[in-house]
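After this come two complexes, each holding subunit A, first together with subunit B and then together with subunit C.
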Partner chain A sequence: MSITAPEPKANMGQPIPRYDAAAKVTGKAQYAADVPLVNPAYACLVTSSIAKGRIDGFDMTAAKQVRGVIDIVTHENAEQLKEAKLFSNGGYAGTTIQPLKSADVAHTGQIVAVVVAETFEAAQQAAYAMKVNYTAAMPSATFDSAGTTSAPAKGQLAQFKEDPKVGDFAKAFNDAEIKVSAAYETPPQHHNPMELFATSCVWLGDSLTIYEPSQYVYGLKNGVAEQLGIDADKVRVINAYVGGAFGSKGSMTPRTAIIASIARRLGRPVKLVATRAQGFTIATFRAETRHEIQIGARRDGHLTALRHESWEVSSRPDPYAVGGTKTTTRLYACPNIESRVSIVRADRNTPGFMRSPPEVPYMFALESAMDELAVALNMDPVELRRVNDTAKEPISGKPYTSRSLMACYDQGARAFEWEKRSPQPKSMTEGDWLIGYGCATSCYPTQMAPAAARVRLQRDGRVRVEIAGQEIGNGAYTVIGQAAAEKLGVPVEKVSVFIGDSDLPPAPVAGGSNSTASTCSTVIKVCEQVRQKLFEALTSNESLTNEAKGTVGMGQTPSTPSASNDRPLDLERAFDALGVSVVEEYGEWKPEGAPMDSFQAMYKGQVRMVGGSEMKDKIAYAFGAEFVEVRVNKWTHEIRVPRLVGAFAAGHIMNPRTARSQLMGGLIWGMSSALHEATELDERYARYVNDNLADYLVPVNADVSDVDVILVAEQDDHINPAGVKGIGELGNVGTNAAVCNAIFHATGQRLRKLPVRLEKLEI
Partner chain B sequence: MTNQKDFPAGPGFNRRTFIGAAAGTAVAPIVAKAAGASGGPAATSDPSLPVDVSLDINSATRSLRIDARTTLLDALREHTGLTGSKKGCDHGQCGACTVLINGRRVLSCLTLAVVAQGQRIVTIEGLAEDGELHPMQQAFVDQDAFQCGYCTPGQIMSGIACVREGHAGSDDAIREYMSGNICRCAAYPNIVAAVRQAARAMSDEQKG
Partner chain C sequence: MRPFVYQRASDAPSAIQNLATATAANNVLTEASAQPLAGGTTLIDLMKLDVMRPKAVVDINPLAASWSNVSLDDDNLRLGALARMSDVAANPEIQQHYPVIADTLKLAASPQLRNMASLGGNVLQRTRCSYFRDVSYHNCNKRNPGSGCAALEGFNRSHAVLGTSEQCIATYPGDFAQALMALDATVEITGRSGVRKIRFSDLHKRPGESPQAETTLSPGELISAFLIPGPWPRSVYLKVRDRQSYEFALASAAVALDLQDEVMRDARIALGGVAAVPWRAREAEAILKGQKFDDALIDRAADAAFADARPHRHNVFKVALGKRVISRALHQAATMEI
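Right, the complex of A and B next:
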């Protein structure tokens, strides 16, 4: 075993290499824009240069003269597509701002025209040659801009059900022995997956095939069908591989139905690959947030009062908010808690989910404030978390299904050698470098959603699994293959996995870290149906207990004492008894507590997610503890992060190799959230300034040194049949706070606004 | 930043002559030269007419009739079916389109196809021989050096060049010389491990 493929601990699967590894290292993995088309026309977008106002008209003279131009589509001649409802409002879209419907402009970078040509080069030239005349109005860019409005999230956003509250915060805070009050701020960020927002649309008669990177092929299929006014069965979305997504490809963007409509109008395939800059405005982003935290505590560190108030920016028409108070009010034991989330409307594109949507900004605030409290108490920050650890969430007293937070802290602290930290700020140096150690809690809700799968077992032991999950780098192919192999007792090499196609049985959005839990639980259930069928055929006259049927592997030695007297299933005999050569089963699975309409919704491309803090009589989260070493140069103020250590417990780990990689990437994302990433806004024009990969800073290899991921063994039998908690978003929660806490420890300066850049240090 | 003296430009691939030729009247002289060189009928003063281009890709000659402004990346992806090289920015900022030209790593999105004529182009599709992975490809599998896989072809091509340039001698050197290739999944520590593993295997191969 290598570091890359860690030895599995208790309740962990085998660290096998990725199912799709060979395809990805040979260039054979086919992403959406790689799919060959017959005689495609190439589309280029023209996007608005103003944030607010109206289009007065177009001067297309030069554009039309470009050789090879086929069509120029604007609101004046576009097909009038049907409204796209928000995913949070029974629809599929990430925004209700629909381009090419009227002369109105709602944000910069809104699509105002689509140029289609015989070649990509001609389309690009013509798009540049398009002249758009506007009447511009003064936009409101962000917090504090004139013309913005602010209102509580509760009441305008169906998914935001409550501002969690318990006890009497005001009195308890007033009476508290130790008090901390502080305000924090996080910037807008863009996902910037490496794969651009591409869409190819191909009509065959009245059937449409869409090649587009999507985290939710069923949602996109149904959403586009609705906008085009056609039967969803006539639409197929295919994406065998998605080149990163991080939330940006989870809900439908306006471009897809527009390209589908143009392809129908032209009677030939149309291919769009939006530019990197356009990706900043034709999809969603993580909005900027503000937080005020007040904590009251006893001198022994026990929290007595907690208040978390936040503001988030959204677009004019859409009330989007991540509302992370549902997590921050439930993390630590505290009898008196109050919270409020408000949405501030500005002239921007509608924001959406980005990796750990609520927890990245909200836990930055809470975990920074906890560190400030530790300083005020003169207490070790790890011990402060231990004092306030709880088995029940404090708002309604529901028990955590499992919670290994302190085990994570203990194993992480040991690996990091936290005991070598001298508590006083600015007390650790080496040459010109000030050294700081910081830590923070990570957590992410465990979520699941209904799914369906088809599993085929052949007489020769080969298995085919079909489920419309999505491979976004999460290892979906690999863990689904492992789940089937383990349940059917066949070598994983014999399992073929088919995902990323809306003609397969439906699976939920690959978002909210629910993918592995949902798809693997479903595949396990359908594999059980296959086993049941074989056992019934073979053992109708034999005495095999039901328990044994559930535990005897096919062709393998029985694994439990109760089954040890029974023979393993003889596959050949079972197939003989059935008189067939293939057994195929289709099955649906839904998590406990899923609403009645879950399956109907599933086929319509709507997710009924269950889990986290919204379960009836329990609460389910994965936890982690993150430790960071920073070094700050005392002359140049350069900030380096030589070490990141994260210890995580997330129930059954399907594959320690892919899990480690995903959590490692998460830790680096978290560091990036603290030190690199921010979309800079020109507030005069409500326009993104650094809309490219040279100016929007993401970590490169030279920014990253030692990253150590510790997988903490944990078993949880109260969440789902796979026993899996999601990990895709766990890794980058709290890291930003841990980095800032380490910078405080190194320099004595508390930084409450992200990202931290060297010019903000005043040492 | 790459050091010019470390990387002598291959024949016909001199940055200075290219800029000289491209200055002033933009692409027109290159177009005329390209069309003339291949003897195609498309030689004309209208820059928007297609030109004949002949490319040596993965040891095979590919004859294309394409818009003179076509980048090598788009020529590969849209005109030869070689979609392994990826478009991540089209601005030379991300490295996903990296290919080898005469053994040197080059951003194919910043290279016009017409100027890549007469050069030896190797893409990700040209690495494996008889189904056997190149040591760099095998190392990426072994070290789980990717997640979504989109930047991977560029990382692998860059990794091979990094080793051949002699920049894989230490982890710090690998980090520095692999920093032109962005991996948004942030598989960086695994990429370093993969380049380190492949550097050993490539050196053994040379010795053997």
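Right, the complex of A and C next:
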């Protein structure tokens, strides 16, 4: 594994180091809970130990006796906050289950009381001393539990528009020369970002400041204002850095308005840092899924029929579904396709986005089935993808704006030395280890959303960019700074970037891998405005050609030969002509095809995402090919992954260094979703058993040896001004299938249920 | 965490005095109202989770000057109870003459934890049973005697198959203890009436009817050292787990062989991850002792080790895995270069 930054290839920016690297590695970066408050009170949550039933009452005697306790808030005395509507239903929340409103308990770990004290220690001690008496009912935990209900996703939630379908699947499958039918299963998972779910609320008069790690400061600001019944302009959300999120901090959780309301009632700042275990139930998670796949193919490998039916678990009140069939039915050429997604309701907290929400579980099913088909055909799995590669998605024939899937396969296969794979399962060994090679396709929709930005250029060439994006570890500061530096032709060291503050111009949620595309496209546009203003000041006495205006730098030599006949823009003179020392522009950008109300929605903290399979006349995805070497110990059945290779094409790469980090983390996460990560349910109680980082397994350094990321050059002029496809959620798609495909190759055993644990191997 | 009094011991008698007087009325050591603090990686962890609620914590680290020595005389190893896991694991003499000890320490926890944790605290670490560690479950006989056992019918993948009872199926999670078991270590205990020595195999109690009583130590008694006869250059520790580091064993075996001309003059096997207490597989040893090293024999020995296994819903695999681990560990020991 190389540790130097990758060299940029065609259509790639410079691999500059992270803007926030020094602050982070020296501990100077201030996360929400690090922000010092004046005279704060500390809150601790008490959460329910039952999943279904009622609270009969509380015994607070011991808790109240703890020295320093200020207040104990329960449904009996809490302020009645306004309803929180789901983000998918015109609201901001990830769940409509609102704690502290009634005695009802809807899921395990629901907030039932908040203890507030002078110190964190006192609050925690009193929280432990709280006795809650329940009347518990028998909960329905998951699939197959008594009392669950199942219904088609279509019609239940706006995001799930259709069950994609084309041709006559039944007939084609019936007639197919080669058939594969198999069922797959993925477990519940929790994001477990390092940074816990923290919230500090500070009131100054009727204005509220919230320090909270959020992937969407505008959404949170508006959502909390709505729940508190105050003007959104009175609420400010600040988080300069988010210590990981992976979707869990994308939508509003009930805790924020509760803490804000308690802070208002006490007339002093209140700070909450929920525990690791509470994070499993006070926010969202990736729900378990089931899949049935049927594929019919000709002997030459061409798909003739594909059916993908899935089931996902959600909570009782909220119809959440990721619905990945919109991707899996469009990935390969196939004339006859059918699909269906159903939601199964159980007594659980409402699930939500988790890194590549649809693709991780759904592509596991499809890419495992493709491998099974390759085996049935006796065909190389890479060749099977080649045979079925397509420039148009098969459901409605829309063209992919660009698609470099096979280039990824070819470059990845070369780096991995795929040709050394002997096709027979169990045919490669070394000492006590069975060796297997596997591969799978990775893909993720390219998405964009409206945003606004403010850019200020000073006479000394210094630039300030303001946009309420979020730094969740994605490198937002860095690429936004690069976008401005490139457009204005100033060195990147002269650019300061301000994000993570809802008082800045709005940007969309840092989710759906839209951030770089949306924020950079917007910043580019506003930088154009700045340049335009300067040029206009000079045009009276300057004779720059239009072409030169498009390429010339500020105080720098023109960058292209066509512009070299023109002189560089003289900043001093432009500012002299304007008679000012600062030019500042505010601008808005929205992607092509964005709905009419996009900008209004943007200011209200609601995202109108455009892209993926949901555009009118085209479809946009980033692609990748992943290769995995697995080793299975003959005796102990331990499974290890010594090598991961991923080749990815995602349009313009702003920064090969940060891009590689994202994709590398993705590959590791993908391996983890095959071998490590799973939230274990105690079905009797519908409770999460391993709700801590010792028992919820994620890979440690020793599990990760060689990870190779190949950035495949690609240019796409049909997506957005930045030419950027999202990569944040690309790397961890398909890896789980590639691992299982490699395990099959190593052992001859097909594993269709994740996670793979050593006891599932019967070799 | 609940408030507690922090006392810093100045010497062994004062530590013992503080521990004994505070807790005279209480017999179950783990519930004693004063607890010694060594590295704190078990104790503080469980206090934060509200599982352990001592009123006083007696910091015994000032005793390190006399209690952290490691010495090897006449082939007998003495390990002070306050020696740090990382120091002992890195000791070249131990690596050479007692590799199984170095391995059990090196393969445990993480570097940060090993730097903090002491050997005495290590053998007294408590089970990782999730229902035990989460006080919102009422039904845990170890925490609330007589309340039932949530793990019996719950998620019990990590639980034990040997030495359990109907009251508790929790696994003893430690690694180092398996080396001590295999090598017939002695524990030196310092108490009010001086020093006593017991076999290490007599330190831990099986859960039986009272899983809350985990050891034969009394309040006010401290482990001061471990004495290990040897050397055992042909010894290994094999630990199998879901990830490659920083995890407790699903199944493990500490094995020591005295092998001469392919004959096992002595064979020692202790098992981790599968039993309620540090576990010596004596039936298996009996089959091997005095015999030539042979695959069929080893399979028989492994079968014997698990003859009494009582698996539950999610840990059935531990029986087959445990046997394979014994077999692999024996092979590794037999073939190691010494």
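The definition used in the following text is that the second predicted complex is superposed on the first by the 753 of 763 C-alpha atoms of A that agree within 3 Å, B and C clash if a C-alpha of one lies under 4 Å from a C-alpha of the other, contacts with A are read in each partner's own complex, and residues count from 1 in each chain.
Assume a residue touches a chain if its C-beta (ideal position, glycine included) is under 8 Å from a C-beta of that chain, and two chains touch if they have at least 3 such contacts.
Being a predicted model, the structure only gives us computed values, none of them experimental.
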Touched partner set for A:Asn690, first subunit B, second subunit C, both or neither: second
Which of subunit B and subunit C A:Gln189 touches, first, second, both or neither: neither
First, second, both or neither for A:Trp635, with subunit B first and subunit C second: second
Partner chain in contact with A:Met664 - subunit B first, subunit C second, else both or neither: first
Of subunit B and subunit C, the chain that contacts the larger number of subunit A residues: B
Touching partner for A:Val700 - first (subunit B), second (subunit C), both, neither: both
First, second, both or neither for A:Ser342, with subunit B first and subunit C second: neither
Partner chain in contact with A:Ala33 - subunit B first, subunit C second, else both or neither: first
Which superposed partner A:Glu121 touches (first subunit B, second subunit C, both, neither): both
First (subunit B), second (subunit C), both or neither touched by A:Thr4: first
Overlap of subunit C and subunit B interfaces on subunit A (superposed complexes): 121, 125, 692, 694, 699-703
Subunit A - residues contacting subunit C, complex: 47, 49, 121, 124-125, 128, 277, 635-638, 640, 675-676, 680-682, 684, 689-692, 694-695, 697, 699-703, 757-759
Interface residues, subunit B side, partner subunit A - complex: 48-49, 66-67, 69-70, 74, 77-78, 81-91, 93-94, 96, 123-125, 127-128, 133, 137-138, 140-144, 146-153, 156, 174-176, 178-193
Contacting residues of subunit C [partner subunit A, same complex]: 1-3, 50, 128, 130-131, 133-137, 150, 153-155, 157, 238, 240-247, 250, 316-317, 321, 324-325, 327-328
Complex contact set, residues of subunit A against subunit B: 2-5, 17-18, 20-31, 33-34, 36, 66-68, 119-122, 125, 192-196, 241-246, 273, 275-276, 471-475, 657-658, 660-662, 664-665, 668-669, 672, 692-694, 698-707
